[in-house]
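Heads up, the next two complexes both have chain A, just with different partners, chain B and then chain C.
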Partner chain A sequence: MSANGFLYFPGCSLRATGAAYEESLLELFRVLAIPLTELDDWNCCGATSYMAVDEGSAFLLSSRNLSIAAEMGGHEIMAPCAACYLVLRKTLDYVEHYPEIRAKVEAGLRAAELKAFTGVKVRHPLEILYNEVGVKALKQKTTRKWKGGKIACYYGCQAVRPYDEVDRPHNPMRMDELMNAAGAPTIDYALKTKCCGGSLTGTIHEVGVNLNEILLREAVRKGAGCIVTICPLCQFNLDTYQGEMRARGVAIDIPVLYFTQVLAWALGGDIGKIGLKRSISGRAAIEKWFSSEEAPAYA
Partner chain B sequence: MWMHHPGPGAATSAVRQKAEIKMTQIARTMKYQREADPEWSARIRQLPGCERVSSCIQCGTCSGTCPLSIYMDYTPRRVISLIREGFKDDVLASKTIWLCASCYSCTVECPQQIHITDVMYSMKREAIQEKKYPSRFPIPVLAREFYAIVRSRGRNSEIPVVLRMALKSNPFILLTMMKSGWDLFRTGRISLKFEKIRKIRQLQKALDATKEVA
Partner chain C sequence: MPDQNGSVRIGVYVCHCGSNIAGIVDCKAVADYAAGLAHVAVARDYKYMCSEPGQELLAKDIQEHKLNRIVVASCSPHLHEHTFREAVLKGGLNPFFMHMVNIREHDSWVHLNHDPATGKAKNLVSGAVRRVARQRALEKGSVDIHPDVLVVGGGIAGIHAALTLANAGKKVYLVERQPTIGGHMAQFDKTFPTLDCAACILTPKMSQVKAHKNITLWTYSDVQKVDGYVGNYSVKVRKRTRYIREDLCSGCQQCIEECVYKQPKFYDEFNQGLGKRKPVYLPFPQAIPQTPVIDPETCIMFKSGKCKKTCVEACERGAIDFELKDEEVDIKVGTIIVATGFKAFDAARVPYYGYGHYPNVYTSLEIERLVNASGPTSGHVVMRDGKEPKSVGIIHCVGSRDENTNRWCSRVCCMYSLKLAHLLKEHTGAEVFNFYIDMRTPGKGFEEFYQRLLKEGVHFIRGRVAEVTDWAYDPSEEGKLVLRVEDTLLGMVRRIPVDMVVLSVGLEPHKDAQEVRRLFNITCANEGWFLERHPKLAPVNTFTDGIFLAGACQGPKDIPDTVAQAGAAAAEALALIDAGCIEQEPNTAYVIEEHCSGCKTCVPLCPFGAISFKSEVNKAEVNAALCKGCGTCVAACPSGSLQQHLFEDDEIFEEIEGVLAYV
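Let's turn to the complex of A and B:
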């Protein structure tokens, strides 16, 4: 990590359905005094759709963002959204390993007079907090005592697979460690990397909702009072459709939060600036658990 | 007394019934070499990420780990086998390739290091290029609408993408979204401002140039 911090790539979700992720992330990094500079005029990462339509275009979208990072003199992009993170990370990998993909990307960058992006790295906030700040330092900086329920840490898919830099693909534990450092107990959640189905809730609705019902019911069965995620799509799916499940007789109403919301709050961040009002499910619990009173958890 | 006993006769008829059901299944899934297109298979196996398809040992780990295989018409293991033999039409018209949510479970678990998620992506692209995807199936329609809006604006906006996807596939999808749409709106999670990047011409120029490379 350089003194200038990181170039921040929000991605489309953090400006819409995942607004609470951006708000809490910015507040957390402000509290930690790690500077973030937004990537100038960034474009959409293409998510899973671009790869399904045209490979060259899919890698070009990320290449433009990487190129802007090189132009801005930053060598580390932080991408909080799992889809954005993976597309950027995969672009670095595939452009290096496949000459046919490299040829397409280079032609695109040349035509638009964009710079080559050698040396640019892609990072995720979970791994930055774990590696650069560290569990010990976070524990020391904690100023509020967690009063909420046990947490099921849900890692989802694309942040931990197929690359293992954010956390290991099998039984990732870094988010659990960060939550414990902030004073919040976590459960042993066996489905922590089982996919939420991504955009399936919007396309083949019943299938998408089924996947999420399985995840939610298992978390509750294991005694979790709350689910914490690192991806805007996971949070969206788990949070949005609980009402629909209740209408079918499934007794479920638990908060689904971003790990940055819990950390920003625990580290004494401004309670009005971490997007707590944007949650749909588990409202009563959120209002009970989160208050602005300071109580040193570790004297 | 013996007449009420579900003796060997009844058991035999149950087995026979099962055998008949099995026969219809076998008849439906039987493939013939003459329907295969080995040249297509050979071309696919040279695409980035598809190189190791030939090494598949048909263990089924991919299907076992896939959270969506129970909803698929062919499991991932069968898709790999169909590709290897060259049963192009079956693969490209399948719903399986579109149900794949790109979660990379199979890719990570495959004992033969086959990049199954990449293989699924290649099949999606083939299906779109050859217009073989199931018509009015929302997932490929969404992919194409998403592609179009990002090309024209540089960023995604949920509302126009979702509306177009629904109108071109199944408008009743919108009914399933009314409650969630309202919840998202009242919590400020749906933006009515449609985002656009400043240098959209630059992006389009770059996108077009990638297509000129063979």
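Let's turn to the complex of A and C:
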């Protein structure tokens, strides 16, 4: 980590459904005094549909962002969204290892009058907090006592597979360790990397929501009072459809937060600035846990 | 051509090796080409030169055509150099007037196009013809074989080999790293497919080892250094101290009884940690020798120096001495049998099966201890949570046949899984599921055992288990371990909830296999299993003469195969010992004294310690009995005064010129 901190790539979701992720992330990094500089004129990362339909275009989109990062002199680009992280990371990998992809990407960049990128690294905030700040330091910086009961740390698929830099693919534990450091106990959650339904909740709704329900029920069965994620799509899926499940008679109402929300709060961040009001499920619990005499209730 | 033997008459023989060579190389064209070379009196191509008629043809031609040099272009000298030297000898020629050209491994097997391959064969034959004219008559030396044998490893392989040799009247040193002999077999409960008790058949043999007048048993010891060559190995063995004198100890175990630790507290290696031991312990009741060991890692005396030393008081014979040091002994042996065995695969390397994460996931070796009457639970199958399992899932091929871990089949897991399924059912009445990729039951009585298990009502599900999880899909799965698996016979994904999971771990080479390999100057295949000289025809020999392999150190094996191989290794050693001596290749290095400047460059380079320095005349000297003909000194000598029989400069230069002569 350089003194200038990291280049920050928000991606579309952190400016839309995942706004709470951005708000809490910025607040957390402010508390930790790690500077973030937003990437100039960034564009779509190239995730999901692009990658599935036209890999070449996905690599080009992604490469434009990486090229701008190189141009800005920042060699470490932080992508909090798991999908952004994966596409950017995959682009680096493929451009390095497949000459034909590299040639296409370089031609595309030339046409846009952009330079080829070298030495750019893609990083995820979970791994940054774990490696650069560390469990010990986080523990020392924790100022608020966690009142929310046990947490189910849910990692999802994209951040830990196929690349293992964020955490190990089988039974990742870094988020658990960070939560524990912030005083929050975690459960042994066997489904921590199983599918949240992804975009199936929008396309084949029943299948997607069923996958979601499995995750939620198991977390509750294991005694979790709260689910914490590192991915905006996971958070959206788990948070949004609980009402629908309740309508079917499934007794479920559990908060689904970003890990940055818990950490920013625990480290004494501004309660009004970590996106708590954006949660849909488990509102009563959130209100109870995060109310504090030192700051007005968020609602 | 000038030659010390008068006129040179060469016979050239080009072998077809069936279609092995002739399929690519035009053998007749090569023979025709050779016929036109200088000094070649006869040149023939022939279907199989190594056959009886082929060899007779050689001998007959030597007589009829008065040949005095022979070139055979065929396979690798590794395979048939000996054959053709014998044939040449039969024809009345010194065998070292024969030179072999490898046009199979070096030519037909590695090339696809006929013309270039034929051209290459001609090149090589041309070189050999020029070379062979220069070759000198040589005589083989002979070295005596020391009759004593070193057996390394005291598992069933080492035990069987040692007993076979000792019963034949040979003196055997048996060296074992652990405090007791017995190896993995001592940990097993029953043996497949007969279900006879492993201890009942093993422990009598262990006692025989201890009692045998021809066997010197050193446990808790390891081989530190091996020098020398076939027939004459010097070995340094380190005997680690037990802090209890073996010669004084009566095996009464009062020291264990009276240890300041009233209860066993430490990880018990023999029971895979399922039981506990004290700092002073005997690995298991029938351990051989019956001398306990004091473990300095856990003994208070070594950790703090402040202990009441109740063990010392308890020992009537005064055998305990904390001041004892490791000992080193030097021995001379003629042959060595390496029987160092295997290591069980570390199940934690496959995180999706939950070993170390879910307490009721066990390895197969742990189950062996759990079902064993002398095990930590006296044969009571209770899980780590204290309950008896009502259902068990046994996962085959953990750490075997897996791109992520080991690619080989460990050969024994199918059968031991069946055995454990039977035993678990017998002990607990539990419902048992086997998850397999393929059932491999090719041994004697194995398939019948599999059929028996099917009749006993054990379930068999064909499919590699995806994961073991405690995620409960519905209330029936709560508190269970769920195996998620694609049942490939049913064509669907299944969830099988069970109480206990057994991982049938594969066999791996020991972690230090590479160091052991270097110690004995033998070879390893890529995976780390020691390499036999020939997979079919020399399965217990290594590439180092006088060193043999027995048991699972060469590859995964069950007990019958291990014992058979141990017997074979012992027989090979006996063959050498009873011959009394072994012929030695004459391709040794020698010093041309008038050229030697006494620079001593060669002396430290020799891997076999064969070169000494005669300071009185300031010259190097090669001990032909020690020289293995590697040529290192010859290449290194700055003055060219080191030469090597069969690789003389003029022979090599002629060969090079010959190879380059054909275009």
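Just so we're on the same page, the second predicted complex is superposed on the first by the 291 of 299 C-alpha atoms of A that agree within 3 Å, B and C clash if a C-alpha of one lies under 4 Å from a C-alpha of the other, contacts with A are read in each partner's own complex, and residues count from 1 in each chain.
Just so it is clear, a contact is a pair of C-beta atoms (placed from the backbone, for glycine too) under 8 Å apart; a residue touches a chain by one contact, two chains touch by 3 or more.
Predicted, not measured: the structure shown is a model, and the values here were computed from it.
In the superposition on chain A, A:54 contacts chain B only, with no contact to chain C. Annotation for chain A, partner touching more residues between chain B and chain C: B. Looking at the shared chain after the overlay, A:165 reaches neither chain B nor chain C.
Of the two partner chains, chain C is the only one touched by A:190; chain B is not. In the superposition on chain A, A:94 makes contact with chain B only, not with chain C. Touch criterion met: A:204 reaches chain B, while chain C stays clear of it. In the superposition on chain A, no contact is made by A:132 with either chain B or chain C. In the superposed pair of complexes, A:253 makes contact with neither chain B nor chain C.
Overlaid on A, the two complexes show chain B and chain C touching no common residue of chain A.
Those residues of chain B that touch chain A in the shared complex are 48, 67-68, 71, 99, 101-105, 107-108, 115, 117, 121, 124-125, 128, 138-140, 142-144, 146-147, 150-151, 154-158, 162, 165, 173, 176-177, 179-180, 183-184, 187-191, 195, 197-199, 202-203, 205-213.
In the complex of the two chains, the chain A residues touching chain B come out as 12, 15-20, 41-44, 46-57, 59-61, 63-64, 94, 98, 100-101, 103-105, 107-114, 157-158, 161-162, 169, 193-195, 197-200, 202-205, 207, 211, 240-241, 243-244, 277-280.
Put simply, chain A touches chain C in their complex at residues 168, 170-171, 188, 190-191, 214, 218, 221.
Listed in rising order, the residues of chain C touching chain A in the complex are 351-352, 357, 469-473, 478.
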